[in-house]
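One chain, chain A, links the two complexes that follow: it is found with chain B in the first and with chain C in the second.
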Partner chain A sequence: MISRITLQTQRSTATSSVLAVIGACLAGAILLLLTGHNPWTAYRLIVERGLLDWDGLSESLKKMAPLLIITAGLLTCLRAGIWNIGIDGQVVIGAIACGVVAGELVGDLPRALLLITGAVVGGLAGSLWALGPAVLTARFGLNEIITTIMMNYLAFNLVSWLVKGPVKAPDIVTAQTKQIPVQDRLPDLPYTDIHIGLIVGVIAIIVVWLLFRETVPGTMLDVLGRNRRAAKHAGLPVTRLIIGAFLVSGGAAGLAGAIDVLGVFGLFKASYQPGYGFVAFALAYLARLRSIAVIPFAAFLSVLVIGGDAMSRRADVPSDFVPVLEGLMLLFFALAVWFEGRRSAA
Partner chain B sequence: MTINGVSVVDFAAVLLATGLLRAVPLVVAGIGEAVAERAGLLNLGIEGMMLSGCFFGFWAAYETDSLLIGMLAAVGAGLVLALLFGWLAITLKIDQILIGLAITIAGSGLTGYLFRDQFGGRNVAVDVNTSKIHVPWLKEIPVIGPALFEQQPLFYVSWALVPIVAWVLFRTRFGLQVRGAGEAPVAVDAAGVSVERVRYAAIAIGGALAGFAGGFLCVADVGIFTTNMTVGQGFIALALAMVGNWSPWRIAVGAIVFGLLRSMGDGLQILGVNVRPEFLAMLPYLGVILAMVLLAGRTRLPAALATPYRRGAR
Partner chain C sequence: MTVVALSDIAKSFGEVQALHGVSLTLQRGEVHALLGENGAGKSTLLGILSGLVQPDAGTIALDGAPVRFETPADALGAGIGTVYQHFTLVPPMTVIENLRLGLSRSGWMGSRELAKRLATIGIDLPFAARVEEIPVGQRQLVEIAKALLRRPRVLLLDEPTSVLAGPEIAHLLELIRSIADHGTTIVLVTHKLDEALAIADRVTVLRRGRISGEINLRAATERRPSLTNRLIAMMFGGREPVAESVPHYAAPVDEARVVARLREVSARDNRGAPALRDLSLELCAGEVLGIAGVEGNGQQELAEILSGERHIDHGLLEINGRPLTNAGARVLIDAGVGVTTDERIAVGCVPGTSLAINLVLKRIASPPFAEGIRLHKFEIRQFAQNLITRFDIRPGNPDQPILELSGGNIQRALLARELAFRPDLLVCNQPTAGLDLLTAEQMLARIHEAAGEGAAVMLISSDLDELLRHSDRIAVLYRGEIAGILTRAEFDPDRIARLMVTGTEQEPAA
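Take a look at the complex of A and B:
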């Protein structure tokens, strides 16, 4: 069994993750062949459009921001042995909260204050959405996998209702919140059109790295993840740790949604369902729950998502190809770690 | 008596008949999951297996116009994914939660991919024979008559699975081995029975029934496929198995409650009550959380759930 212990103590981190990626891409190629598409063209287009083209590259780097932030937060849960599957719900709740509040405050606040308010509101909303499952897990011992999945569907329906009704921008036909003008959105990094969310993402990863490396709560979370019963017996504040990990993870997801609103779209719209949750899961495992290792894999998956999107339009391949690859990566990752464990045991 | 021109008796009859129909995927997938979990396997891939049942059942039924072939394809799709789960979880002893989620992610992606690839996003419907059986006399009983005695044959087959699975679990040698594999695998092994083989059989049943549930939903009930059409029903079935204490009878009761919850939405619209569809859609998910809160303290997980069996390991 892959336990968190084997994940973090085996030394050759990169090998099996890279093998998993290669295996998934090969299996994806077989799927493309079977459905009458040319795998070489498809993968070449993904790399060309997501990495080698300036616009594509900057889109990929923009996509990295939410992925880094979410995965940083998710690590606090996964390393503590908590399965927060509710990322997707927490993202849309954070995004709509930010879209509504920032949209209302446009013009009333200077840009910097507006952006900070929007980001904080998004993060708080995400945390709040995670609080329910957090308390149910920590206090009542309910299975958090099921409660967080249910919270996702509740969130999708809730925001769909909100954006079509109560918080819809009044003078526009489409279901969306008030637009934040371009000059009030997140500033770009110098000489690029990549918004500063990328910096926030890298900082989030470093913060989580420091949390687990240097701080007492981080160490306690790791202990909790390795052996929950032992953590209880050792007198660790298990209830507070679980709730804390959920709040951090939900807050990060909400912040990521807010960053998408403040940096990319300038508003929340009904069609915003980015499905980051599963990407973040694949990411966290490919990085073997280590924080810094998330950065290169996030870059890779961002290229895959952006390039895959462009490829599916160009080569007439269904856009679900990238989600297929994400699932395959997780499967092949599990296989690769098993193989590695067998070799080290032999 | 009437409300807004609709007779109360007729309304209750429609509500009950639709409710029992909507309950079918939940009860079938739920008892399948109960068998898997009784044997110590937590199958989070159930959503992906159900969705695959939907799509492959739809595809086969669309090509052949046959309900039977559609359902066989649906069961087959669930079975294939179950064997994949079994190989990874039982033989290779990889973390069940991780592979379950991976199968759900891959299943959701793959069905969406193949649907768009084969049907180009067109809304095509299957044309299979789902005509109802009319039981004379009994179907005339007010309210429960149409719900119980005027449904399609597959409806009765589905509900018959409840007593069958209950009998297998609690009255047969195999059922005892399944329960043993989840509670005390060492004892099963000591009795000379292969824990691995029992678990493979259990996950095969779970996957086949998840596929069946998806096939019923898509081919026999709705008739069209849409991407991610199960919208969490596999996970709801999984939750029902837990709050139903892994007993087919209790899962059936839970499934009926959730089926009625869903048919209430349709019912309110017939009555002309103006409720936002989003709120109606939220009811089952809220219901799951509420049911878990109310019943959490009363259920006990199988001792060896989600734990691979290693001979000689403690």
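Take a look at the complex of A and C:
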């Protein structure tokens, strides 16, 4: 486990992150060699599919949307020193809430209003799901890592029960909500088939960047994350800040789930478990908790996921290779930060 | 027989010299008490013996052979065990599991064997109980047992009774005596005179990093009161008469204007033990009230009550006549209470942020520093620049990360942050600790300036000289109560020292 403290204090250079990525790719290459694959071919296939191929590139960019939104929200928590591990639960809760509400309202509302309603409902549901751990942490000092993890299991089982019963579309066999017709889903960016979620994601990152740069609550959250005792001593509204950070983070996760429903699937189905949480943590730390830096890393990871998917099929590499690579990145990142700390201590 | 001999040990931390050439010997089977005020060097000396701190100069000899302790493990390996002031037990684990954590790999023991060993020492523990379930006094016994199981030749005890109540203290002292009688050398670091006198064979007094005296109690023929007086003199004595150093500032005290009133206030410390007991105090506009006391007698909690960081269990707090009991930090700041913390870095500063942000931190949400949720960085910077000039904070770049500043400049910044808003009540907790003389004087001059402008000032300090020179009145805290309040005319270092150490002005009974 990477220490909460070291990462809070070392936010200076991008070098460690880039070195970590390179180190992980090299280590990944060794793994490929050891398992009898050609690393050059594998990496070439990833880049060809994820970046250089038009379809692949637009898949990668679509993949970026939820990652950017979620990581933007997660940054408000992490910079305040709060570990919201409940992202995955907040995402599925937001997605199912949006799927149910938007599915019911199809036809009753004009497209724009339908989409906005769906997105707002998803965000609110995510926030609401985060409220429990928020209050437990802020008012009673419970460890948020534990409460948010437990809320994840609750969320997974709750949505699975809901989608198989109470909110299941009545006329279809598979466990899913009512379908939103293609013409009512999120519009695409001009001349592409990339839905506008990407724009929402970039805006989310910019909003968080402004939050920490220009606003009182952002500065207070930052102070809270760097020294909670100093924040209390200075009379900052610690309880409200913690709850606020949770609500923003949960809301962003819920919104990301909603955007997946409104832009990609058109419905919520039982198999929806995208596991964005881990990737968002990886992104946040590779970006050294800096909002703008999330964008290039998110692009990189998206290419890796989309390209890696195709590569594993074509080069017969197990599909677990990409998660392994992500894990290696965090491992190397932790190492790089450690070396950095030693160098600055010496 | 000498077990350990320290010669000419010196150690400095930054600009502060904690020990100046201290020499000390420890005999086999003796209880050796180390006494001294806060900052006298007791903890540093203990740290050096336990391998936590490396001396700058001097030697340590074990049985006559020189040794070096690079880490606590080295000291432990050489037979020097330590029981730290703060518990090192794992609360959810059972007593026996905790005891085994302290064993070396080769020294594994079954539970029957453990029980037998402890019985010979005279410690009886509920092995199966979890540590969090047993009373604090027994936890202290577990700590000691854990250290003793490694059969140390020397056992260092840092304020072992600080968490204990009356009967537990007596029991522990008896136990310590019996451990020593079985041949283990005990170093007892304490600031409680009566405990040292009760069980020690020798007492060494440290003062400002030097040994100011030693008494061999075994050989002493004096009676207790006279020994007490001698020890108090070693710890505090030899000060200049107060009259010769009348403060050059003295502001007129407006006794009609009570700024802060505490009425029968009780509060607990971080462990939940009572720290303030029915404490009543009044501070008037323009006065400097000094708070004297041996560390850990409630000073910390008193300051934290006034900054709104600590809960008042019962009692009342009024500021300018407004009842503000448990009103919270924000309300107290807005009511005109400024507190500079003694934990300058851990509580005062926000690492990784600029000096400017730290200077406005307590008012960051109000104009001119913010409007709505927008931060006015220009105004913040300008305000900081202004304070930097007024308070001579160096090097003086408002954008510099606060932790790059020296201790003295951090203290300047923390004091500036309060004084900039002209508090009605200014609480300064150890404002000069660790500072060089010049900076310390500047800080005190600023504090007097504030009093001159009508603030009520509470000056909490463990430097008695400083309190004598700078206070209009001195209140002595002893075990969370006011042992006495002296006006300037009554200032007498010996009297205050006696109140600090014994809590009473009476001569101890013969």
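A few comments on the model shown:
To be clear about the criterion, the second predicted complex is superposed on the first by the 330 of 346 C-alpha atoms of A that agree within 3 Å, B and C clash if a C-alpha of one lies under 4 Å from a C-alpha of the other, contacts with A are read in each partner's own complex, and residues count from 1 in each chain.
Keep this in mind: a residue touches a chain if its C-beta (ideal position, glycine included) is under 8 Å from a C-beta of that chain, and two chains touch if they have at least 3 such contacts.
None of these values were measured; they are calculated from a predicted model.
Because the two structures share chain A, they can be overlaid on it, and in that overlay chain B clashes with chain C. The wider contact with chain A, measured as residues touched, comes from B rather than the other of chain B and chain C. When the two structures are aligned on the shared chain, A:A234 is found in touch with chain C, with no touch to chain B. In the superposed model, A:V216 makes contact with chain C only, not with chain B.
In the overlay built on the shared chain, the residue A:D320 is in contact with chain B alone; chain C does not reach it. In the superposed model, A:E104 makes contact with neither chain B nor chain C.
After overlaying the two complexes on the shared chain, residue contacts for A:D55 are found with neither chain B nor chain C.
In the superposition on chain A, contact of A:F281 is made with chain B only, not with chain C. Only one of the stretches 170-178, 260-268 or 278-286 belonging to chain B has C-alpha atoms clashing with chain C in the superposition, and it is 170-178. Chain C makes touch with chain A in their complex at residues 307-309, 328-330, 332-333, 339, 341, 343, 346-353, 357, 361-362, 364-365, 370, 373-375, 377. Touching chain A in their complex are the following residues of chain B: 44, 88, 92-95, 97-99, 101-110, 112-117, 227, 231-232, 235-236, 238-239, 242, 276, 278-279, 281-282, 285-286, 288-289, 292-293, 296-297, 307-308. The touching residues of chain A, counted against chain C in their complex, run 8-9, 11, 214-220, 222-223, 226-227, 229-237.
Put simply, chain A touches chain B in their complex at residues 1-3, 31, 35, 83, 85, 132, 136, 140-143, 145-147, 149-154, 157-158, 160-161, 165, 278, 281-282, 285, 317-328, 330-331, 334-335, 337-338.
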